[in-house]
Structures are given as C-alpha cells and as structure tokens.
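Take this structure first; my questions come after.
Order as written gives the chain letters A, B, C and D; numbering starts at 1 within each chain.
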C-alpha cells in the first residue's frame, strides 16, 4: 500500500526540479518545459489529495482538468511568443532578451 | 514491499531522473524527449491513483500535443540543429540551492502534517469517478462555468497563438 | 397558453418590431412594414383570444385575469408590476386591437408603399410626388413613397406597445410608463416631418402641454402611493382603502377636499392634458401636423383614449364618498370641465375649414362627453362611448386621410402645389370619385352625429344623455344636448362640403380612389361603427322587451357595486333624435349650395361670433399672452440678463481676476522656492543618487528577477513559519 | 463443449487454476496470465501482418493486371517468408551524426504504439485485453505515441529529407487527429460510454447505420493517420526519397514497414468494432468463438476497402491534404457532432428511447448533413469552374496590342 507521503514527496521533488529548470535554463523553450514539470507536480498533488482525502468528491479532479487546459493554453501562447521573439531578435536565450532594463 | 509499491518506486525514480535530465540535458531535443518520458511516468502514477482517465488524458494532451509542440518549437528556433555550449545560465548554482532549500522546506512542513503518511482509503462504494466528474463538469451548480471558461481560454489561446506567430505582411 | 401568460405577451410584438426595425431592417421598407403589421397582427390575435376568454368567463369583475411579479425593491416591500384584464380592460383591449391593426395596415397605403422615390423628397418633409414614365414614354406625376417609411413603422410600433402596456397593466405605475411612452411617441410622430417648422412647433406644444398634466398626475400617483403603499388597482379599490381615503382630509386644505378627492383631482388633471380637455386642449388641433394615421392613432385608438381610460379605471377612487347621488368634488369638476369642453369644442369645430381640424375639435368635444358622463357617475355610458367613439373616430380620421390622399392625386395632376389638399372648400363632389371613402365616411359621420337606431354613436350618446337626464343633472343634460346638436351640424357640414355638390376646384375633379390597403381598414371600421352600438341597447328601449343590455352587464361588472339601470324615458330619446336629425338636416341645407370661391354661409349671420369661433376663441393668443410671452420675458430679463449675465458671469469674472493674482503669489512664494527647489530638484537629486548606485540590480534578465522574488518569498515564509507557529 | 464455445477464456481459466494449484499468489498468477495474453496478442498481430502483406500485394497486382507473388507456396502465399529472411540478414546502417539512442528507439516506438492499440480491441464478448473505461481516449492517446516515433526517426537520422518527412507527418497527423477525435465522439455519444467493449455491446443497431457519416469521417481521417496512399506524402518517393525512414535499413526499416501494415489492419479492426458492431452477430453472445469469427470477417472487409483505397487513389498534394482536412472533414465533423448531441438530447427530452426511432432520426439527420455538404460543394465547385474557365491572359504580348 502506497502512503500519501510518497506522492507528496514525489510531487515536491518534481516541482523543485521544474523550478530549477525555470531558473537555470538559458533557452526560453526549456524554461517552458520546466513550467510544464511544475504544473505536472501540482496535478499529481491534486489527484493524490483527491484520491486520499476526498475520494467521493470531484473537486481535485476538476481542478486537475483546469490545469490541463491552462497548461495547453500556456504552451500554445508561450511557444508562439517565443517563435515571434526568435523572428525579431534571432535568439531565444532568456538572458539575451534583456531589453526590459531600459 | 508489495508489487504496487515496487511499480511506484520504479516509475517515480524514472520520472525524477527524466525530469532532472529535462532541466540539464545539453541537447534541447533530448530535453524534450526526456520531458516525454517524465510525463509518461506521471501518467503511470495517475493509473496507480485510480485515475485512468487522467492517465489517458495526460498521454493524449502532454505527449500527443504539448511535447510535440515543444519539439517543433525547439526545431523552429535555431539555425543549427545541434546545441553547443552550456545550456545553463550564470545563476544556476543559486537556482540549485534555492530548489534544494525549497524541497527541504516542503519536506519539513509536510512531515509535520498529521495525515502525511495516511494509507490509501478504498473508493467509496457506488462511486463512478469518471461519470461523476463528467456530470460535474456540465452541471450548472458544479463546474459548468469554469469548464466553459476553460474552453473559452483555449479558444483565446489558439487565436492568440496564431495571431502572435503570424507573419504580418 | 394560460390566459395570464398571453396577457403578459400582448405588448411584446410591437416593441420587438420597434427594435427589429430600428436595429436591423430600417433599410428595407418591405421588411419594416411586414414586421410592424405582423406584430400588430400577433397582438391583435392575442387580444382577441383574451377578449373571447374574458367574455366567456363568469363574474370576470370579481375574478379577473391577473398575475403580477415583484419588480422594484422599495425598502422592505416590492413594487409589483403585473397584468390585469377585467371587463373594462377587455373591451378596451378589443377596440385598441382592432383600431391599431387597421391603422397599421392603413399606414402601408398612406405612406405610398410601392410608389417610386420622390424626385425632391427629403427625410423630414412630406413626400412631394415623383415623375414616372409609362410604356409610351409619357411622364406622369405620381405619388412618391415616404422617405422615412421604416422610421414611421418603428414609431407606431412603439406607440402600440405603450397602449397595450397601459391597457393590460394592473397598477398605476406601469400604466404611467405606457402613458409616458405614448407621450414620447406622440412627440416623435407629430414632429415626424421635422423639417416643417409648424410640425416642430406642434410637437413641442403637444409635448409640453401634456407634460403639464402629467406632472400633476405623477403627484397624484405619488400621493396615492404614500397613502396606501400600493399602486395596484385591485388593492387600492378595496372598500376599506376607499373609505379611509374618502374620510381622511387631504394634506392641502383646499375646498375641504378629502384625500381621495385631492388624488382624484390630480389624476384628472393628467387626463385633462392627455385627453385634451379645456384648458389644456390646445395641443390636439395642432397635432394634425403629423401624418394622418398618426392623427388617428392619437385621437382615436391610443393617447386620448388613454386619458379617459385612466379616469374610468380610477372611477372607484374618484367616486369614493359618494352618497345618495351626491357627486364628489372631483366628479363635479369632471362634469363641469367635460360638458364645457364638449360644447366649447363643438362651436370651434363649426367654423374650421381644414378637414382634419374639424375632426380634432370634434374629438375634444366627444371626449368632453365621456368626461362629463363619468362626472355624473355614468360609468358604463362613458366606457361605452369610449369604445364606439374610438371606432368611428378612427374611421373618420382614416377616411379624411383617404380624402387628402385622393386630393393629393388631384394636386399632382394639375401641378398646382398652392392648393391645400386639406381645405374642405377646395373639395366637393368627391362621392363619385371616391365611392368607398364616401360611404364609409358617411357611416362614420352619422355615427358621430348619433344618427338614430342604426349607428353606434346614437346608442352611446343616448345613454349619456339618458343618464344625465335620469339623475337630474339638468345643466349637464342641456349643455350636452346643445353640443350634440352642433356635432350633427358640423358633421353634416363636413360631409356636404367634402363629398356632395359639385367639385369646386380642378384638383377635386381629378381626385382618385385610394389603394385597397387604405380602403380595407375603412370598411372594417365602418362595420364596427355600426354594429358595436348594438351590444349596448337598453333592454326596455321604447318600452320594448329586448335582450338584456350585454355591455352594461359586462362592463358594469368591473365595479364592486353593480351600477343600477335606468328606466326608459322618452324625453332624452326625443332630445337625441331631435338634435341628431335636426343638426344633420341643418348642415345639409346650409352647405349644399356652397360654390367655388364662396365663403362660409354662416360667416355673415353670426358676425363677430363666427370670427371668435374660427379663431378658437383666441385660446392660442391668450395662452401666448398669459404664459408664453411672460415665460419668454422671464427667460430674457431674469434668467438671461440678470442671472446669467450679471450673477453667474459676475462670479466668473471675479474668479477670473482673482485667480491670476493668487497664482502669481503662489508661484513666487511657494512654487519656485519650495516645490521646485526643495521637492523637485532635491528629490530628483536624491533619486539620481540612489539610481546610480542601484542600477546594477536591474539586469533585464527575467530569471534573476524571479530568483530574487522567490528568495524573498521563502525568507518571508520561513520567518512567518517560525514566528507565528504556536 | 465449453472449450468449443469459448476456447480462450477456457484456456485462461484452466491456466489460472493450474497456477493457483502450484501455490502461486493470486495477484502474481493474474499478472503472469495477463503478461502471457499480451505476448500472445502481440505475436499474433505481428504474425497476422505476414498474411496481410501477401493479401495486399496480391490485390495490388490484380488491380494492376499483374499476377503478383506466385512462386513460394500455393498462390505465392509464403512469399513473405523469403522477404523476411532477406530483411533480417541485411546490414544495419546508422548514419554519421545520427543520434543513436533516439535513432534506434524510433522504430520500436512506432510498432509498439500500434500494438498497444490491440490491448483494448474486443475480439469477442469475453476476449478483451483490457476493458478500460476510457478506451476511446486511450486509442487517441496511443496514436500520439506513433507520431512521436516518427518525429524521433526523422530528427535523429540527421538527414534533411527525413526531417521534412517528419514535419509533414506531424502536420498531417496532428491535423487529422482533429476530425478523427470528433468522429470518435459520435459513437461515444450514441453508446453513452467510452469503453470499446461497451460500445460494441451498445450497438444493437450498428453505429454505421445510425451515423454513417461518422463512420466515413473516421475511416478517412484514419487513412491519413496511417499515412498510406492517398495520404502518403510523408514518404513521397518523388519528393522526399522515403521520408522519415530514408536512413533506415534492415530490420529497423522492416519494423516501420510492419508498423504501417499493422496500423492499417488495426484501424480496420477499430472501424469494425466502433461502427460495424465488432463481434456482434447472431449467436455471438452465447458462442464467443462465433463473435471472434464475425469480428475478423468484418475487419477483413474493412481492410479490403483500405487496400483498394490505397491502390486506386493517386497521392494528394500537401495543400490538398490540408484543405481536405481543415475545410472539409473538420467542419463536417463539427456539424455532425453538434447535430448528434442535439438529436440525442432532444430524443431524451421528448422521452423517446425506442431504437427504431433513434435510428431513423439519426440516419435522417446524417443524410441531411450529407445533402447539405454536397449542395455546398456543388455550389463552390460551380463557382470554381466559372473562375477557372474565365479566359485569363497567360502572358502579356505587347505586339498584339500594337497590331490592334
């Protein structure tokens, strides 16, 4: 029997790895991948909590569905933005896209 | 250890290793492929959580759509198909420290929670998770509005993505 | 469908038509009139179903069709709006539905649907005709289509909505809403040809004059609400409420009026404005500037009827406190105003030459009949006359429109645009050119005059006279009888001048019968102008034993106490026979010989009185001197010269002078040294100093920002975890 | 007798009893039997390809007025075996600069994605690999893995033709997934379940009769998913050498080859299950062996059409392929899905649940949509013809203007 703690620790680890990716990768696409990992960690938590704490309810699953939708939308728009940036600046390295400072 | 635990353990390790490779791999295409493996591992965990629908949806949405988009994007945003040089930026050690500290903090907080190690309860009798979920998503006094909003969001994202990446004449 | 639901739906089609036309179909004339007429047809159908169900229901007066919903929260309670169809509303609905439908159909023809676009027509002016070329290549002057065709149908749709709302509403509030919608529409429709200065003036006159009445009515409504906490008819008219209102003295100690009396008088002033009673009657003749279907809408089916309908509706309140035939103050006022108006308007009508103006004054006069009837307590007679009058007056107006239309044909034919197609002295002999119009107009005219036994007007007018006689109101009886005589006289004058004799102008010789869309409504209304009277024949008429008086039984059931029936008396019957036939034959004798270029045969014998009558007893001039000139004077002298120029401008100038002085002082003492020196430059210097030292933090690298944000978030989190943990 | 009625369940039960008799833990026994079942199904499906390759080649030849394989065995039925031996013994070539792991993983993934589909196909009432309750979703999800295999192959080959082929594949597969999923939702609506076996059980009337349009839409978009003619532009020889499989040789190429044939057969099986009543037929409830026969008969009939389509249709251009999907299949599928949902809900609201009425209404609705579509197509075709037939200057010839 798998205790809840396993899932929670797994999700925490996945989240931290994703966060590391977001903070450390140069390539903007890779940053998006990190975000996907984080979203997945959240989803694992949602489903695990649903299954362990409230198996009769549906709130956890419903939230997970929303996360799916948001993830899909986020990737679509994010990648479109990245491609658009690439067309203009010829690079997708996050630390080269630093026009923000002026 | 019972077989389920073994399966969990195997796939959790695979997933975490794959995830780690996602954020460290030199080649971005490899990164994307590792991402697929990690997402597949998560799908297996969904099965272990009695959420078959989510497993199928995970494979369909993440592997079938999102990961392929990633591969596409990786290939579209480069001149050379091979990646050269480090893919980490200058602050990566700080980021690593932060991630580890965060995990430690989470572990610390979680471990002091009373139901941290609770065993899996049986599914309540007569509950059909899938059809309950489906009905809840279209029931006006449950999640109809968020569900519709999600679909609107997807349409908006689609239009936005097309607009943003359109080559304007 | 449940009757209540159906009643709720009744006003909807016209308003939908209004929005559809305004928003979508205003480019297409065919769509516009199809939608409008279709909507009118739907409402008509619904009204007929409601009417039939109402007639079949026993004791409708005690248990009317009603339903209401809470609408507007006022503190703890809700203002309710709802619908109510009792016998009175049912018969009103009946005539409203018929006349509205007929007018809609008529409008299609009147606005020359199917004719070409005019050569010089502009929106805001009546159509002037177009030139059409036929197969042989000859040019003809033909009628041209109204340039704002769709707009017209949108407006009358809104108008119909107002009327239906008013009729089916179960409370004074929605009644007032419908009332005001109609006020707006009448303004829009009278000023429909807004490029004509006279139309603009008439529209403004109508709007402002009726507004005077409406203000008082609103006061009455508000007073009523503050007294009873409800505006629903059924709740106001409970005996307890009525007795309380009748016994409580009013807030204004005038003439010892009771609360009910004061409210009644205030509401009645609303009716004076809406139904054009003296002294607020002046707007109605001028409203003839609008297109003829508009005149018919306003004069027969809707607005003016609405005024009378409202007082009939409020009759229990008006008559509250009436004992042993002793009239209440409000009723006395109504009797006096009503009978005076009836006579007074009739005298003016005698001397008018414009075919529509005659009818306008006749309307005022007939409405005076109803008001007077209500004033003497003849509730059923007033309602009966309201219905019959609506039918024959709509018929007459539409007939006159048809005549004008025919005359315009003649004008186009001769090309002499100085001939007024509305002047009866330019007509004559039209019966041969326009037979259908003639016969229907004749029926309408006879109904108006009260031609004995066959016409509806006879039965309703006779009932009023009989009531006045039976309750011994001699003055009212005498006045109304005289008014009825004049009515018959000017009606026959009109018919004779218009249709009989020989054509007096070239234009009249070339007049032309109008299209079927205009004739069909005339025929339908003519049928009602005759037959509707038959439902109200007293059962002991001339000592015969006839079937019971259906109208009396049905409408009388609206009141809690069923009004008693009068026994038959020969004297009023003979009076009305005499006045009707006498007036008619007199009119024929005097006017049959009028030739072209002759003046009015009455001008000489009546002398100066004729001049007074022709000039409407100089009301417009009196109002001009009494109200409008002073108003202008006050505006000029007080508001403009004193208030605006002296006081307000003076203030402005004062400020204008003060401001630079203060500004200069502020600039030199505060702005330059303190603000600029210390706050402005000083803070800039400080900012610059810190900016120089901190600018290295802003790398522009998103991930570093996020890292920093997360570090601080965790730091805060940890701090709170360790300090706040118990 | 029991064995004859339902041989596979019989053997399964017998094996389980045997294993339990050997004091094996029940869960372990179940796992072992399922593993065995998966092995058998996988092997069977791959072996089946040996037969279908022959069928296809024979048919191909007959339609092209040739004899086809005729040397090895009667009617050349064993021709595939020498071919297999040849392909096994060929050299494996890994191109220079290829990403080795990915390169070698790609064919395996492609084939396994197809075989995974067989897990949910019901052969008979009792013979189902895994009766998951989200079977339809599973089919679509697993289809995505196949796409993945192809893109991996294309990318890792370090060959521009391979990469182009992979890109084409993705644009085609991702596009055609849309109408396919929409068409798959129609049986889900009609059967009110997502499990494949329950869908088969729900087909008292074939869904192909209830909603022939959905069946056709699924069939066509599935052809594109397989990537065979007329949708084979991912490996168009005249343009891309051999598309994503250009660099593969030997058994690795063979796996793509087998994957393609097996995919075609699998799609036929799915069509048969989802629209043609699967194992349903007279007596199939009591005699699962009969159901199995029905299933295969139906599958082969569909497969026959797949082959004929492949043989007789010319290849589409890429713009035609995309237009066909986005301007024809997807709108029609959307309309059909919405109409089906409305009709189902309407019938439910009215309270009419008789199968006859449902059939008539749905069939009528389908025909109506077909009629409307044809009408629209006819109009646009007329316009197009007019546009095309208008004389247009091919080139500007100045001297003719001068001579006029």
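Rule of thumb we're sticking to: a contact is a pair of C-beta atoms (placed from the backbone, for glycine too) under 8 Å apart; a residue touches a chain by one contact, two chains touch by 3 or more.
Since we're looking at a predicted model, the values are computed, not measured.
Across A-B and B-C, it is A-B that has more C-beta pairs touching.
Of all the chains shown, the one with its CA centroid nearest the global CA centroid is C. The distance from the centre of subunit C to the centre of subunit D, with each centre set as the mean of the Cα atoms, comes to 73 Å. Note: centroid distance subunit A to subunit B, computed from Cα atoms, is 6 Å. Chain centres here are Cα averages; for subunit B and subunit C they lie 70 Å apart. Mean C-alpha positions place subunit B and subunit D at a centre distance of 29 Å.
For subunit A, residues that reach two or more other chains under the stated contact definition are 19, 23-24, 94-95.
In subunit B, the residues that reach two or more other chains under the touch definition are 57, 65, 72, 89, 91, 94-95, 98, 102. Looking at which chains touch one another, you get A-B, A-C, B-C, B-D. The touching residues of subunit A, counted against subunit C in their complex, run 19, 22-24, 31, 94-95, 97-102. By the touch criterion stated above, subunit A contacts subunit B in their complex at residues 1-10, 12-21, 23-27, 29-30, 32-34, 36-37, 40, 43-44, 47-48, 50-53, 55-56, 58, 61-62, 64-66, 68-77, 79-84, 86-87, 92, 94-95. Within the complex formed with subunit A, the subunit B residues making contact are 2, 4-5, 8, 12, 15-16, 19-20, 22-23, 28, 31-32, 35, 38-39, 42, 45-46, 48-51, 54, 57, 61-62, 65-66, 69-70, 72-74, 76-78, 86-92, 94-96, 98-100, 102-103, 106-107, 110-111, 115-124, 127, 129, 132-133, 136-137, 142-143, 146-147, 150-151, 153-154, 156-158, 160-162, 164-165, 167. Of all the residues in subunit D, the ones that touch subunit B in their complex are 27-28, 31, 99, 102, 132-134, 137-138, 140-145, 147-148, 151-152, 155, 158, 163, 170, 174, 177, 194. Put simply, subunit C touches subunit A in their complex at residues 698-703, 706-707, 710.
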